[in-house]
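Naming follows writing order (A, B, C, D and E), and every chain is counted from residue 1.
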Amino acid sequence: MSRFVEKSRKKAGSAPGTLVYVGERKIDQPRITIMDYESDQLSERTIKTIDELIPLVDSPTMTWINIDGIHDLPMIEKIGAHFGIHPLTLEDIVNTGHRPKVESFDNYLFIVIKMLHHDETEKRVTSEQVSLLLGPRWLISLQEAPGDTFDPVRERLRKGKGRIRPSGCDYLAYALMDNVVDHYFTILEKIGAQIEEIDDAVTENPQIDIPHDIHNLKQAVIYLRKQVWPLREIVNHLKKEETDLIHDSTRLFLSDVYDHVVQVIDTIESYRDLLGGIRDLYLTMVSNRMNEVMKVLTIIATIFIPMTFVAGIYGMNFKYMPELEWPWGYGLAWAVMAVIAIALLAFFKKRKWL
Amino acid sequence: MSRFVEKSRKKAGSAPGTLVYVGERKIDQPRITIMDYESDQLSERTIKTIDELIPLVDSPTMTWINIDGIHDLPMIEKIGAHFGIHPLTLEDIVNTGHRPKVESFDNYLFIVIKMLHHDETEKRVTSEQVSLLLGPRWLISLQEAPGDTFDPVRERLRKGKGRIRPSGCDYLAYALMDNVVDHYFTILEKIGAQIEEIDDAVTENPQIDIPHDIHNLKQAVIYLRKQVWPLREIVNHLKKEETDLIHDSTRLFLSDVYDHVVQVIDTIESYRDLLGGIRDLYLTMVSNRMNEVMKVLTIIATIFIPMTFVAGIYGMNFKYMPELEWPWGYGLAWAVMAVIAIALLAFFKKRKWL
Amino acid sequence: MSRFVEKSRKKAGSAPGTLVYVGERKIDQPRITIMDYESDQLSERTIKTIDELIPLVDSPTMTWINIDGIHDLPMIEKIGAHFGIHPLTLEDIVNTGHRPKVESFDNYLFIVIKMLHHDETEKRVTSEQVSLLLGPRWLISLQEAPGDTFDPVRERLRKGKGRIRPSGCDYLAYALMDNVVDHYFTILEKIGAQIEEIDDAVTENPQIDIPHDIHNLKQAVIYLRKQVWPLREIVNHLKKEETDLIHDSTRLFLSDVYDHVVQVIDTIESYRDLLGGIRDLYLTMVSNRMNEVMKVLTIIATIFIPMTFVAGIYGMNFKYMPELEWPWGYGLAWAVMAVIAIALLAFFKKRKWL
Amino acid sequence: MSRFVEKSRKKAGSAPGTLVYVGERKIDQPRITIMDYESDQLSERTIKTIDELIPLVDSPTMTWINIDGIHDLPMIEKIGAHFGIHPLTLEDIVNTGHRPKVESFDNYLFIVIKMLHHDETEKRVTSEQVSLLLGPRWLISLQEAPGDTFDPVRERLRKGKGRIRPSGCDYLAYALMDNVVDHYFTILEKIGAQIEEIDDAVTENPQIDIPHDIHNLKQAVIYLRKQVWPLREIVNHLKKEETDLIHDSTRLFLSDVYDHVVQVIDTIESYRDLLGGIRDLYLTMVSNRMNEVMKVLTIIATIFIPMTFVAGIYGMNFKYMPELEWPWGYGLAWAVMAVIAIALLAFFKKRKWL
Amino acid sequence: MSRFVEKSRKKAGSAPGTLVYVGERKIDQPRITIMDYESDQLSERTIKTIDELIPLVDSPTMTWINIDGIHDLPMIEKIGAHFGIHPLTLEDIVNTGHRPKVESFDNYLFIVIKMLHHDETEKRVTSEQVSLLLGPRWLISLQEAPGDTFDPVRERLRKGKGRIRPSGCDYLAYALMDNVVDHYFTILEKIGAQIEEIDDAVTENPQIDIPHDIHNLKQAVIYLRKQVWPLREIVNHLKKEETDLIHDSTRLFLSDVYDHVVQVIDTIESYRDLLGGIRDLYLTMVSNRMNEVMKVLTIIATIFIPMTFVAGIYGMNFKYMPELEWPWGYGLAWAVMAVIAIALLAFFKKRKWL
C-alpha cells in the first residue's frame, strides 16, 4: 500500500466522467441514512434503495443524506441522475485521492474535504475523503467508511436546540465542516504531545531511535500540510462565493471555520520549525557527547603510549645497556614515565582539553 | 501542561456558540472594574453583579469595562445578552487558545490580541489572551488574569491629560493595543540580550549547554512569531475597516501601532537569522576545537608507535640477533628511533599539520 | 547528450521565425493521421502529402490532424501557410527545448506542453514536447515521435460515446491535455514508490548507494518541477482566456485539469520535502552507526593500552627490579591489570559510554 | 550597549506623543544651521534660539533647517508647534530606534531613513536616524550627531549650479536621500572587499578565525538588510504619493533613487548567498583537510601495530619456543613483519586510501 | 579588481546628472557606426564626429547608431543634447555598474541590459552593459567595448530579408535584445556542461578540488541570477508599456523574448538546486568513504591490541611465572591470541561492522 502517493485517480486516458473507484472497499454494503427536518420536526431513517429518496428531494423540508461507502458505482450514478449532478463531480466523488476543493455548479455546490485520523499504533496520520453536495434544500455527504465523526451534529439535529434546525442546509454543511476541522485540533494536539516528548528525550537521553521518531513526525506534518493547506482557499471561496445556496447568516460562521483553518495551518508551520529545531539540537547533542567520549579515550591512550615506549626501551635485550646495570635504573625508569605522564596531563590541562 | 499546542478550543463537535472555558482558572472570582468618563469627568468603581452595568451602556459617557477572569461562563453570557454580542464572539472570548484576529459586526468590533510575558526563571515566553469589544460608546476588555499591564492607560485616564478622555472609545482601544505592543519591545529586548550573551559565550567559551540555550531561544522566537504575525493584518484591517466605530483621527494612531508591529516582526525575523548564525558558528567552533584536539593527540600517538616498534624488535629473545651483541647496539637503536621521530615530525611540519 | 541544459533553441542570433530543428530525429518519415468527425460520423486516415489536408480545413466537420515527427521543416512551413500560423509559432513548434506555454492569436490558440516518460532502466524522467494548435474547427497536434499516449482519446472518438464527438475541437484539446496530465500521475506513482523503497532501506540497511539514489530522485523531481510548474499558469490562462475558440462548457473541464495539475505540483513539492527528510535521516543514521562503531572500538583499545603498559613494565630487563623476585609478583601484576580494566569499565559505565 | 535590539522606543505604556529621547547624547548642544535660498540667492547661518526661525517659515524663499542633536526635547516641541507637526511625528523623531518609514500629513511629509556608517576598527555597521520634514517651502532635517554626509549637497547649494536651487524643497529632500543611498554603496564596497578577502583566505589558508569573520559579516549583512529593506517601499510610496508637496519633475529623480535602493537590496541578497557559499566551502575544506590528516596518521599506526605484535611474540619468555633457537629466526621475524607491512600497504593502495 | 561589488556609481554625493565613467577603458577611441535604412535601401558607414549625425535624425528613414566605447564623456553629452536625452539617462549610460532597467521618457525609451560573456580560462562570467535608446525613428545602442554580438542583426539588415527592414526601430531594438538573450542560452549550456562534469566526477572520483569547482559555479550562478532577474520585469514592462514607440506587431515578438527570459530564469533556479544537490552528494560521499577507511583501520588496530597485550604478558620477566615453564605454554599463548582475534572478528561480523 502506497504511503507517499495518492493512487492515480483513474485509469490514465479513460474518458472524463468515467466512474472508477480507486480506494479500498472499506464497507461491504453502502449505508444510506436520511435525516429530514424542519424547525420543529425531524424524521430519521436508513434506506435500502435509492428510489426511496425521490419524494424527499422536492419536499419543502431540509434533507440530509449521508452515504457511507462509495464503491457502489451504479448507486452513485443513480444519485447523480436524481439530483442533476455533473459527471465530473461524480468522478471526483469516487476518486478518493483528490485534493480538497470546492466547485460551484448551477444547482449545487461541491465540496471535497479530508477527514484525518491519527493511527495510534502506527503513529501515522491517515485521511478519508468526505464529499459534500449542497443543494437548495438538500445536503448529501459521502464518506468512504462509516464513522462516528458526524455523530455530534446528528445529536444536535435530534435535540433540535440552537440554530441548526431552523437554518438551511448551508448551515448543516458548515456544521459538518466545522466538525471535521475541530477534529484536526485533536490530531494536532496528539502530534504536539509527541513533539514535546521527543524534545524532552533529546535533552535527557539522546537515544538511537530519536531520529526515526523525528522523521516520522516530519512526514506526518508534511502529510497534514498537504491535506489542510487547500482548505484555507476553499473556505475563503465559500465565504465569498456569490451564490444563493449560502445565506449571509452562514457566511459569518464560515469566517469562524476560516479562522480555525488558519490556526491549524499556523500550528503545522510551527511544528515544522520546531521539529527542525529539535533535529538540530539532537545532532548537536549526539556530536558533543561523541566528541566528549572520543576526547577522554584518546587522552588515556595518548598518555600511556609514550610510557609504554619507555618500558619497551628497557625491555630490549642489548648486551651493553648501562642503565640496566644501575641500581636505581628501575626507579629512574618509573620516574621518567611519571614525568612524561604529568607533563602530558599538564599540557592537556593548559589547552583546556581536560 | 502542553507547551507546543494550544488546547483544542472546545469539545470537538460541540455546537458553535457553546461556551467552554479551556484555560487554567487563574483567578477565583472575576473582577469587573468600570471607568465611566467624558472630557471633564471620570467615575471609577468595581462592581459585583453584571446588572449594575445596564444603566451605563446607554449613557452618553464613554464606558470602559475591564473584566479580569473569564471562566465565569454565565456572566459572559449575560454580558453578551446585554451588549448584543454574537454567540461566536462569546465562544472566541472564552477559548483562550485563539489566534489574534479582528471581526466586525454590525454594532461592535471584536479584537483578539495576545499579551506576552517573559518568565524570567523558566526563560520562556507565555501568552495571555486579551479580547476587546469596541461598541459605539463602550469598550469591554477581557483578560484571563488580573495584571498591571493596563495601569498606565488607567493612569492617563485618571489624570485626564492629553487626548485620551476627549477622544472616543476607539482611541481607548488603540491605547490598550499600543500598550500591549509596547510590551512586546520589552520582551524583544530581553531576548535580544540573551542572544548577545550566547553570541559572546560562543566566541569565548563554547560550553556544552550552549546548544540548549540556542534551542530554547529559537523556540521562544517561533512562539513569538506565531503570536505577533497575525497582528499586522489585524491592525492594517482596523486602519482600513469601513466602520463608524473608528474615527479618522484614530486611524493615524493605528498607523503608528502598525509601524511598531512591523518593527517587532522585523526584529523577530532578524533574531531567527541571528540565532541561525550563532548556531552555525557554535558548530564550527566546536568542530574546529575538536579537530585540533584529535590532531595533536593523534600525532603524539603516531610518533611513538614506530619507536615502540623498534624497542619491541630488540626486546625479542632470538638466540642469534647480531645487533644485540654490538657494543654500540643500544646507542644505535636510540639513534634509529630518534631518526624516525624527527622524520615524522618533519613530515608533519611540511604538511602543515603541526 | 546534455542532461541538465536544454539545447540552445536555435543558432544564437538567427532571425526570429527561422525554423531550425534542434532535437534528435526520432522518426524517419513524419506520419500524418487525420480524424474527421461530427456527432454521428467519423472518417480516419493517414495521408502522405500535406495537400490532401486542404479540403478538410474548411469543411463543417471537426478535423484532428496528428503529426508524429517534426523535423520535416518544409512540411511544417506548408502547414503554417495553410492554416495561417504565425512564424514565431512555427519556430516554437520545432524548437523542442521550449517551456510549456499558451499563446493566443487571432485565429488559433497555441499550446505547448510536455509529455513525460519514465525510463525504467536508467531511472530517469525524459520529456517530449507536444504542440497543440487549436483552430475554430480543427486541431493540430504535433509530437516528436509516434507514441501510444493519445490512443485512449482515439478510441473514445471511434466509439463515439460520451461528449467527445458532439463537442468541438476545444473539448478534443482538453481531452488530449487531460490525457497528458493523467500520465503525470503514473510517473509520480513510480517515483513515489522509489521514495518509499529508499525510506525503508534507510531504516533497515543504510548502504553506500543510498545517497546516489536520493540524489537521482532529487534531480528527477527538480526536472519534473520545471516541466510541470508552468502548466498551472497555462491551464488557468486557458480557463479565463476571452476567446471564442473555447466554449464555456469546456471551461468546466479545464477546471478539472487545473485541479489535477495543482495536485501534481503539490505532490512534487511533498516529494522534495520527503527526500530532504530521508537524506537527513540517512546522514543521522550513518553518523550514529559510525559513532557506535568508533566508540566500541576505541573503548577496547583504551582498556588494553594501560594493561599492556603494565606488562611492558615487567618486561624490562633492569638488574634490580624487586617485584620480579617476589613469588607472588606475577599474580600481583595480573591483579593490577585486572583492577585497571575493571576501573576503566566502571568509569565508562558510569559515564554511560557503554 | 545592545547590539541586536533597538532600545524600546519609549517607556512602555506612556502616552503616545510623549517625547522621550532614547539614544546616546552624541552632541552637547544642538546645532541649527539654516540655508535660505531661491534661484539666484542664498543666505546661510547658524542660529541659537528657535525663535529666529519664525520669520523664515512664511517667506517665499526655500528654507532648509538642519538640526544636529535631537535630545533637546523642549526645542523639538517648540519646532513642532511652529511648523504644525503632529505629536506622533515628534515622538518618532526623538525615538531613534525607529524603522525607516514615510508618513504624509496634511501640511507636510515625514520621512525617516537611516544613515549607515562602517566602523573600520570594530568592523561593524552602525546606523544613525535621519528625519526629514518636508513642508511646502521648508525642509527640516534632523540628525543625532553632526556629520559631513550632507556637505556635498550644501556645496551644490552654495555653488548654485544645476537644478538644486531653482527646484523646490522636494528636490532638496531627494538630494539628501540620494546622498544617503549613495553612501550605502560605499559601505557595500567595503563589505564586498572583506567578503573577497575571506573568499581568498578560505582557498589558500583556512585558519581558525575565518568562521568569526564570516559570522561578523553575516550579522552586518542582516543588520544592513533590516535598515535598507523598508527604504524600497518608502521611495516607491513617495514616487506615487498624491501630494502637492512633491512635484512631478522630482518624481523622476525619485525613480532614480528607487533603482539605487533596489540595487543595494540586490547586492545585499547576493552577499547573503555568497557568505553562505563561502561558509560551506570553508567547512568542506576544513573537513577535507582534517580527513586527510587523520587518514595518513591512522594508516601509519595501523601498519605498525601488527608489526609490533610480531615483535611482542618473540619477546615472550617461554622456555620452549622453537623459533628462538633457529639461527635464521631473527631474519624470519623481520621477513614476516616486512610481508605484513607490504601487504597492508598494497591493500590500502588498492582501496585508494593512499 | 572587485569581483563581488559593482563599483560605486559615481563619487558619492555628486550632483545627479554628473557624468563620471566608472568602468575600465576598454577601447581607445569610441567607434560610431551608422546604419540608415528603409524597406528597400540601406546605407552603412563609420563616422568620426558626432556632427555628422544631425541630418540623419530627422530623416524619414530608420537610423541605427551603434557606439562602441562610452568613456568619451563630451561625446555622450553631445549626443544627449542632439536627441534630447535626460541627464539622468546619460548618467546611467556611463555608470556601467547599473542594474538592468527600462525607463520611458516623453520622446524615447531607455533600456539597460547586460551582455554576458563566459571567460573560458578563468571559468567566470563577466558582464558588459548595453544601453538602448529607442526614439521614434532612431535607435542608439551603446556598448563598453566593440564586440561581434550584434553582427547577426547587422547581417540580417544587410540582406534585407524578412521583417527587419520594413519594421520600425522598435523591431530592431527587439532584435538586439533577442540576440542578447539568445546569448544567455550559450552561457547556460556551458555552465550546464560543467555541472554535469562535476556531477560525474563526484560519483566516480571525489577529489579535493570538487568543492572549489562547485563553489565557483555557485558564484557564477548567483552572478547570472542577479543580472537576469530584472530582465523579466523589463521585458514585461515593454510589452505592456503604453507608448507609441512600440508597435503592436512588435509586442508579440517581445512576448517571445519574455518566454526566453523566463526559461533562462527557470534554468538558473534549477542550476542552484542541482548544485546544492551535488554538494550534498559530495559531502555524503566523502564522509562515507572516510568512515569506511576509519572503520577498517580501527578494526585492524582493535584486533591486534589485545593480542599484543597477551604477548606482553609473557614477555614479563617475573621469576615465578608457571606458564613459561610449561612445554606447551608457547602454543597455548598462540591459541589464546587466536581465540581473541576470532572472537573479536565474530563480534564485529555480528554487529555488521565488517
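Everything below uses one rule, namely that contacts are C-beta pairs under 8 Å (C-beta built on N, C-alpha and C of every residue); 3 or more make two chains touch, one makes a residue touch a chain.
From a predicted model like this one, the values you see are computed outputs, not experimental measurements.
Considering the contact criterion stated above, the chains in touch with subunit A and with subunit D alike are B.
Centroids of subunit A and subunit C (each the mean of its C-alpha atoms) stand 25 Å apart.
Rounded to whole angstrom, the centroid-to-centroid distance between subunit A and subunit E, based on C-alpha atoms, equals 41 Å.
For subunit A, residues that reach two or more other chains under the stated contact definition are 287, 294, 298, 301, 305, 308, 312, 315-317, 321.
Neighbouring chains touch in a ring; in the direction leading from subunit C to subunit E, they appear as C, E, D, B, A. On the subunit E side of its complex with subunit D, the touching residues are 2-10, 12-17, 86, 88, 92, 98-99, 101, 103, 208, 211-212, 215, 218-219, 222-223, 226, 279, 282-283, 286-287, 290, 293-294, 296-298, 300-301, 304-305, 307-308, 311-312, 314-317, 321, 323-330, 333. Within the complex formed with subunit B, the subunit A residues making contact are 149, 151-153, 156, 161-164, 175, 178-179, 182-183, 185-186, 188-189, 191-193, 195-196, 199, 203, 252-253, 255-256, 259-260, 262-263, 266-267, 270-271, 273-274, 277-278, 280-281, 284-285, 287-288, 291-292, 294-295, 298-299, 301-302, 305-306, 308-309, 312-313, 315-321, 344, 351, 353.
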